[in-house]
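Chain lettering (A, B, C and D) follows the sequence in which the chains are written, and residue indices restart at 1 in each chain.
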């Protein structure tokens, strides 16, 4: 029997779900091996009975955390897709400000209204257990496809634990540092085929920092390029704002 | 360099084998007996390993645990610890299921030459029994060619012991001394408790005439070697089987290098004298 | 074999003729750098390049290649070989030296048919260096020219008078000479002129100066295992493997399986790996045989200067200088490290 | 006889981008409540970009919306360049417009083919259509892929562009890229004809609902603009410069509402494909014009359901225009350019037409080029009040129908707007009944 798959989203741009639709013809192959039972962006069907939950987006409100917990209860396997789900995404930038200030900036005088409450952005695995992560902003459909095929075959898909530079070099890109830019490739988990440097742009770290990212080295190395550790940190926080303030 | 010949084997091409028999040994380790397809024989020596393919999951090196018979063998035995994708997939196999096999690869224990006529001391830590079992049974099949045979065995707990029936049979033999120890005992345990090195001084070794064969977890070697040296054994007479990360098994992929040595070609069985000065070895 | 002299425009016509009949890869501009790529226009060929981002090894040992196809229900495996003939235009002598090293690695003992098939399919046209790259030191490593080296099929040299000396050195190379039948043969003067280019290149391809003979490296390293340089420099190492991946002599790889959507058939892939990457020597159970950055950092230099010498009789650095520019932390310069070891021996 | 009671409570309408709810309560034909609500979690982009460098802003704000990320990047880049006093080259403008056409094509084909088509064919999603109408689905996929391909070749990827940077392009397409695109787009035109015919055949499935509406879009005669222009309205002939967009959108927070709403000359206005068609239809390309005719779509149309038809017409238009642009680019040759942008203090505004309507970004930068404040006004926000007005006008006309039918027609109406709710930089959070 085909596994029942449900796709859910929380605070995000839904760009990762879009990558699933962007699989184009391959989407038909995906649909030949799974049974999608809920996918609000693309289907009107609903179900509470599923094997695999694919979750996109970050958690910014208590009621969303509750909904996520309910999803976790029902799913045998939970896959977090995209930077919002795995890291908190750009949404986490707001954690640098007090929440009251964030609301004020956007809503002005209306900010005091109780239904505008928001909480610091959290990634999915800060609320529930995540079985697999597909990193990236947006995810790479090829990677999701590989993860799903591996899972369906009973294999545990792994994310690379080496820096992006590996894939960047394999792609034979000129290095962004040669142009005086700050690229987070040496600190960032590979897996996207160095999508951004391959298009002439620096890596901004959307796949998350490596477990052993040598940030101290990077801070020292900045000087060699006439840049500062502060500039480096400004780049890092775009997608890798620490989980706890000051962490 | 010469052009590839069309009939030349592809060193990455596995050959199919069928699972004949499998049995759980511990919570994490399983025994397997496979047979190559009719007409295909593996001629392997104790200490060698195979690259086992579970297509879709990958490939990994696994020591041959059975003893070779006189001619070639269609059958071979493995013991696999479940740690990742390939090994988990192997644990899911049922008799009749098929796998892919490359090999045998690697340098064996010199059971046919350097070891004959000598007392043999086997020191096995945990999964280290798996390749050494091949050598032990090889020796037991030709018992007269060797002197005293002593087997030291260490396991984490009694429940982690492999091949318990076979160990019992060895225990009953009077031409083999088997001493066992565990790190943590349970109430039923009647043998030693503690690290395997503690068993060595109790042996009445004839250091000149003894040849030691060792396999175990990375941390075990240093202590065992120190103890053997203390007993007066020469590095020339000690053989170690070492594990490393390994992908190709044929000296190309670079993963298994110990400094400049390839574990898959110069090893996995090394004479201690050859690697005593190799810094990454022990 | 006939050596010919041609001018730049006949070279263009000749390349165009090659493109018309063969699959040709040649050096071309990539942004403001250079790279080997499929050549569709003779004008795109840049024989004046200083160095390519990746070495031409990518045509023999690609970043990713399919080794096998399998069917897991039938448990069948089928080798995939790539034997489509191709011409490689513009390989520099140091890169040719590196290809010859790979030839040894992949043909000794267990012969690697996948590599050998690609290698056999290639016709390699080496071109003497016209522009020295900022970091090159092939002159120190003995690989500035093709003198005393082999493995290639043809050598092109731009002489000072603006003409090219075309020198086929194998049957494959000679087979490319057809369109040049009417070109004048190279005379003694031309061969002398080539000698001058070689002499000059030997001197000029020394942007970094190695203060010893390459053959002294194994001995030097043997006494330097505990030198402080490894710890000091590795502090800035990202473990990014860039120095491995751009190196023409590095060949380490990983094997990985991928399934098709039928979840039954799939392929086994070979992908470049690198000894500087953290997990390179990690095994099940979490043990890592080179867990520290310094362990991995030292290993790379030992492989370059000692281990490969012991296994294949080769120093695994040809002096292309790629690792120097690829390292964003600026710590991967072999010459700096080796010279320091020499000074502090 | 029990009184007829209708309670419709669609929590999270499906096949739209983001979360929206529809609520209707009626007793004995008396409509007590008709509400369009948006429970999307707010994301506070205006707060998030504060303090960020102008170099990182397009990276952040493209994440406002996955489906119109090129549009958001372009609006941001135009605003930033306005603030920094940067003039971009003609080549950059052409390439940007081409990338932007890719997004229009991708978004419109996604909306018509994947999200709206199931309504017209009485299905719950595109998935059963793959079995029942395989040829149509494959045609839609091919069109969608063409749109994506433009973005990939021009912007570097399908979603969240990386090549679009202040001052120009981080990497330029090659002539070979453009030729490949041309090839693909030439094959797309006949596919669009197939789609248009299929949609024309389903014209009966569009409800005949009309409501006199103010339409707002960028205008720049004699073109059908997405990237250039001033703000125009169907109510007046006035053209408002983009810099004065705040005079048009008049954002306000209503106590009963879930979002900041907007209004100009009336209670509400509509932006998007239909608005553009009504204001600029004269300047469509010939095939697009012919397609409009074949679909029976005429300027002055005020049936919001027919927004889908306008999307089909626009799809044809952008492909025709893309082919022209590619020819212009190829004959001029791609010149290498390295964007150089220096920071300075300033305020800038940028507007572009998103697939769903006109989008405004505004930034204030300090001397280092770091963002002091930001404001983004997105099309779906501008449409919310109009959706509410449409629903209020629609429900009395259909209140005697079956509950499910009422629900279906309301959902379909909302869906016709192609709302992009996750763009909700402004949305409020509400308690539900």
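Going forward, a contact is a pair of C-beta atoms (placed from the backbone, for glycine too) under 8 Å apart; a residue touches a chain by one contact, two chains touch by 3 or more.
Predicted, not measured: the structure shown is a model, and the values here were computed from it.
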{"item": "Separation of chain D from chain B in steps, with touching chains one step apart", "value": "2"}
{"item": "Winner on C-beta contact pairs when A-D is weighed against A-C", "value": "A-D"}
{"item": "From chain D, the most remote chain by mean C-alpha position", "value": "B"}
{"item": "Whole-Å gap separating chain A and chain D, where each centre is the average of the chain's CA atoms", "value": "25"}
{"item": "Centroid spacing, where centroids are CA-atom means, of chain A and chain C in whole angstrom", "value": "37"}
{"item": "Rounded Å distance, chain B centre to chain C centre (Cα mean)", "value": "39"}
{"item": "Chain A-chain B separation of Cα centroids, rounded to whole Å", "value": "44"}
{"item": "For chain D, residues that touch 2 or more chains besides their own", "value": "171"}
{"item": "Where chain B touches two or more other chains, by residue", "value": "56-57, 84"}
{"item": "Where chain C touches two or more other chains, by residue", "value": "31, 259, 263"}
{"item": "Pairwise chain contacts, counting only pairs that touch as defined", "value": "A-B, A-C, A-D, B-C"}
{"item": "Chain C partner contacts - residues on chain B that touch it in the complex", "value": "1-4, 8, 10-14, 16, 53-59, 81, 83-84, 87, 98-100, 217-218, 243-245, 247-248, 250-255, 257-260, 262, 265, 279-280"}
{"item": "Of chain A, residues touching chain B in the complex", "value": "153-156"}
{"item": "Of all residues in chain A, those that touch chain D in their complex", "value": "9-19, 21-22, 24-25, 27-28, 31, 36, 39-45, 57, 60-61, 64, 89-91, 93-94, 96-97, 101-103, 105-107, 110, 113, 115-118, 137-138, 195-196, 198-201, 204, 234-235, 238"}
{"item": "Complex contacts: residues of chain C adjacent to chain B", "value": "67-68, 70-72, 75-77, 79, 81, 103-107, 109-114, 116-117, 119-120, 151, 225, 251-257, 259, 263, 266, 268, 273, 275, 280-285, 287, 289-290, 295, 299, 302-303, 306-307, 310-311"}
{"item": "Of chain B, residues touching chain A in the complex", "value": "56-57, 84-85, 88-89, 92"}
